[in-house]
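Here you go, one structure.
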Amino acid sequence: MIRINTENYRDEAIKGINDPVLQKALADLQVRFGRGTAEAYRNLPEGPGLRRKAHEIRMKAVENLDILLERLSEKIRARGGHVFFAEDADAAVKYCLETARKHNVRLAVKGKSMTTEEIGLNNAFAAAGIEIAETDLGEYIIQLAGEHPSHIIAPAIHKTRSEIGLLFSEKLKIPFTTDPETLTRAARKALREKFLSAGMGISGCNIACAETGHITVVSNEGNIRMSTTLPKVHVAFMGMERITARLSDHDILFRLLSRGAAVQKMAGYVSYIGGPRQAGHADGPDEFHLVIIDNGRTKILADEEFREMLCCIRCGACLNVCPVYGKIGGHAYGYAYSGPVGAVVTPLLVGINRAKDLCLGETLCGACKDACPVDIDLPRMLLLLRSKLADGDSKWNAGRENTGEKMLYGIWSEIVQRRWAYDAMLGLSREGSRLFTGKDGMISSLPFFLQGWTESRDMKPPARKSFMRQWKKLEKQRRVK
Amino acid sequence: MNDYGQAKFLNNIRKALRVDCKRVCPDLFCRQSAEESMLTIDRISSRPHSLRLLLLEKMIEAAKPLNLNVIPVKTLPEAAQEIIKLASEKKPEWGDEESVVLWKHPLIEEMNIVEILRERNIAVIFSNQPDTGQTERDRLVKESAGSFIGITSADYCIAETGTLVLKTAPGNERIVSLLPSIHVAVIKLEQLIADFKELYTLLDKNLENDPEWIENGMTFITGPSKTADIEATMVHGAHGPRELYIYVVTGTC
Amino acid sequence: MNNNRKVTLFIQCIIDGIYPEVGFAVVRVFEKLGIGVECPAEQTCCGQPAFNSGYRKDAKQAAEHFINVFGDAETIVCPSGSCVNMVRNHYPELLKDDRKWLPRALETAKRTFELSEYLVDVLGIDDLGASYGGRITYHDSCHLMRGIGVKEQPRKLIKKIRNAEFVEMYDSDRCCGFGGAFSVKYPEISTAILEDKIKNIISSNADVVTGCDMGCLMNIQGILSRKRLSIKTLHIAQLLAGESI
C-alpha cells in the first residue's frame, strides 16, 4: 500500500528536468524561499547561531524520548484522550481504520501530514471504502488530480494555474478560470461542506510538548484547525521524535520553523491540542486519538551517527536551497520525503541499497546544512550513507553496491601511496586520452563510465607532463646551477 | 491491561538509547531560572503606558504585510461603534442572513454590542451554549459557519508578530475565531506583550500556578487565513476567516 | 620581509595532471612575494574522490600518505578549497578512531591553508600587483565557501587586479553541479545545474570566470567549450600571477 519508488530516481529526475512548467515553478520557489530563509535567519535578534541552540533542544529531547513520550501520553490520557503506540505503518493504519469503522465514518478530512504519507494512510482508507479528503489547498489539488505531493510545504508547485483551472472546472463544475482567488474560493466552498459533514478529522503533529501534554499543529490556511475542531473524532499521527520537553522550547523552535518553512516570523495558526472536548465546552472533538509512530525510527535512534536526523522538524527549508531538488523536483525521491531530508531519511527508513540513488545523487554542496533551522548536518550523513553502500553494513542490512568500483578504489589507494605508480597512471591516462582528443585540443567524447561527462561537456586532456614532473626537472636544473 | 503498545514501544526506545528506565534527568523539565522569569514578568506588568503604545505601533507595522488590521480605539464603546460600522459595510459570504457569533467574555459584555446589533436586525449567537448535548452543539457549529462576523477577545497579543493567543474555555470557543468570514478581536492595551519570549515566560508562570492552565487547547493566530498554493500567489481566506480586525482599547489617559 | 618565509605546496591532482600551468601560476605568485616554495616529490591526491564515493578505507590510506608527505611542513598551501576542506574537516572524521593518526591529522589540518585564504588572512596581502585587461566574474566553490568559510578573500584579491573590472554574477554561491563522481554518474542532473551557472556567467557579461577550485572550473570550462563560447576559465592564481592568457 505504501508507495516507494526510489529505484526510479534517475528516470524521474530526467522527467522533472524536461518539464518546463516544473522548472519554472522550482526556480520561483527557490528564489522566494531559499534566499529569504537565509535572510530571515540573519535578521533574528539572536542571529543564525540560534539554530545551534535549537539543535541542542531537539537533541536533548531525542535522547530522552522515552521519558517525554511517557509524560505526553499520561497527560493526554488524563484528559480523556487515547494514545496508541504503533511500531510500524501497518499498526498505525489499522488502528485508525478500526477507529473509523467503530464510528461509522464515511468521510474523513485531513490536514497536511507527511507522516500519513509515509504510512500510506490514504490508500488504506480508499481500499476500505472510506473517503479521505485532503484539505490543504495544495494537497487537495493534488488529490483531485490523482497525483502525489512534490514538496513538503508546497505540494502543488508543479501545477500551473490553468491546469488547476481545468481540473476545478471538471471536478468542481465551476466555470473555467485561472484566477487564483476565484479558484481558492471554489475550494473553500467545496471543502467547507466536507469539514461540516466529516465524521473524522486527521492531522499530523509538528512539535508536541511533554511538559504540558499537548501536540501542536501548524498551518496558514486554517484547514488543520477545521479538521481538529469540527469532526467528532480527531486522530493525530506523530513520528515518535516530534516532541520537546518544555513548553518554552517552543519559543525558539516555532520561530525557526516559521522562518525555515515559509520565511514567516510566525506561521498563521499554531494550535495546542491536549485532548478531546472538556466538560462544559461547546466545541472540539468528542474523541481524541494520538498515534505515535516508530516505523523504523528506533533504528535511526540506535545509531549515534544518524541520530541527529531525528531532530528534523520537516520544515522543507533544505528543499528550497538544494540545487539538485531545484532541478529534479520532489517526485524523483520516490517516497513521502523529498530533497536533502528525503535523501537521508528515506534510505534509513526503506533500505540503503533500495534508495542508493538518493545517497549518491547529490553534489554535496552543503547548502542544506546552512538552511536547516535545527542545524542538521545532512551532507555528513549523505557521505556516511555512501560509505555503507561502498563497504556494506550489517547493522543497516546494507550490502556492497558495486564490487567493480570497490576494486578500482582498492587499486587506486595503492597507487596514490607511491608517486612512481601515480606517474605511471597519469602516463597511461594521457596516452589513452590521445585517442579521443580532437583538433581543438579538447576531448568531446569519452568511453565507459566517463561517458556521462562528455554528454554535455568537453574535457581538457591530461597535460603532456604533469606539474610534479616539470617541477622535479626544474629543481634538478636549479641544483645543477 | 491494554497499554496500547506503550511498554514495548518505550522499551525499544530505551534499548536504542542504551539507557535504563530508572534513570533520572533532573533538568529535563526545569524551566528558566525563577529570577529571570521574575524580571521578565515585572518588566511586563510595570511597563508604562507610553511603552505599551510603542508596542502597539510596532504591531501596526508588523500587521501590514499580513493583511491584518490593527485598530487602536480609546474605549470599549468606541470599539463597539467601529464593529457596528464594519458590520454595516460587509455582506455575508454564505446566504443573505446577517448573523454575528460572540464569545462570552467580560470585555465583550462591557461593549454592550448585542443590543445595537439586534436593533440593526443582525442575529446574535452566543457561543457558550450550555452543555446540553450534541444537537445544541451541532446547531452552534452550523450557525457559526453561517455567521459573517465572529467576535472574540484574547489572552495575550504579541506585538512583534501581530499574534493573538486564545485559550479554549467554556464560552471561549475555537469556532468563533475560525468559522465566520471575518474575525474581530477586542483586547486591552495591557494584554499586549512584546514577543514570544515574554509569552512563554507568562505561560510558564500560569503553569506554575495551575499545571492544567492550557487545558485541552490554545491557539496562536497571526493574520487572516491565507494560502499561496496556486502558483505561489497569496490569497486570503483559504479556510479560516478572510479578514481579521484587532481592536486595541488604549484607554483615555 | 618575507625572506625567511617558506611554503610547502600541495598541488591538487586535477592541476597536477591536467592544468600544470595553474600550479606554476601559484609558484609565480609566491615568487612575486619573495616566498620560497617547496613541493614534496611524493605527493599525490588528498583522497577526496574515494571519500566522497564512500570508500573510506581507501581514502584513509590516501590521507595517511598525505600526512606522511606533509608531516614536517611548516605551512601547507593548496590552490583548491575542496582539498583543504578534505584535510581540515574530513581527515579528522576519517581518522577519529585512530589514536595514532588522529593527532597528526589535527596537527596537519592546522597548518594547511587554501591559497587565497593564506594570502589574505595569514600574510595580510590583497594586492599582488597583477594586471588583467578584462571583465572578471567569480564563482564561489561550495567546499571553499561553506566548508572552510572562504568568501571575501578571493574577492579582495580580484578587486586589486589592475585594468580589470570585477562583476558579481547572480547566485555566485550556488553549486555548479560538479560534485566529483556525481558529474559522471548523474550527468543529466549535473548538467541541468551547470546550465543555470552558465546562464548567470553569460549574463554577468564577463570575459573570464575565475575561482579557487579547478574541479568547478573544469566543469564550467567543459560546457563553455562544448557551447563554443569564448568566455575563459582561469584559476585565481593565474590572474594573480599576472598572466593574461
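Each chain carries a letter (A, B and C) given by its place in the written order, and its residues are counted from 1.
The definition used in the following text is that a residue touches a chain if its C-beta (ideal position, glycine included) is under 8 Å from a C-beta of that chain, and two chains touch if they have at least 3 such contacts.
Because the structure is a prediction, the values reported are computed rather than measured.
By C-beta contact pairs, the most connected chain pair is A-B.
Among the chains, the centre nearest to the mean of all shown protein C-alpha atoms is found for A. For the pair chain B and chain C, the distance between C-alpha centroids works out to 55 Å.
Between the CA-based centres of chain A and chain C the separation comes to 32 Å, rounded to the whole angstrom.
Those residues of chain A that touch chain B in the shared complex are 25, 28-29, 32, 60, 63-71, 73, 79, 82-87, 91, 135-138, 141, 154-157, 160-161, 164, 180-181, 183-185, 187-188, 191-192, 195-196, 210-212, 214, 220-223, 225-226, 229-230, 240, 245-248, 250-251, 254-255, 264-284, 288, 292, 294, 298-299, 301-302. Contacts from chain C toward chain A in the complex involve residues 11, 15-20, 23-24, 27, 39, 41-45, 47, 49-59, 61-62, 65, 93, 142-143, 146-147, 174-175, 177-180, 182-194, 196, 218-219, 221-223, 225-226.
Interface of chain B with chain A (complex): residues 4-6, 8-10, 12-17, 19, 21, 25, 28-32, 62, 127-129, 131, 136-137, 140-142, 145, 158, 160-161, 163, 168-170, 173-175, 178, 196-197, 199-201, 203-204, 207, 211, 214-223, 225-233, 235, 237-241. Residues 10, 13-14, 17, 323-324, 326-328, 360-367, 369-370, 380, 383, 385-391, 405-406, 409-410, 412-419, 422, 426, 429, 440, 442, 444, 449-453, 455-463, 465-468, 470-472 of chain A touch chain C in their complex.
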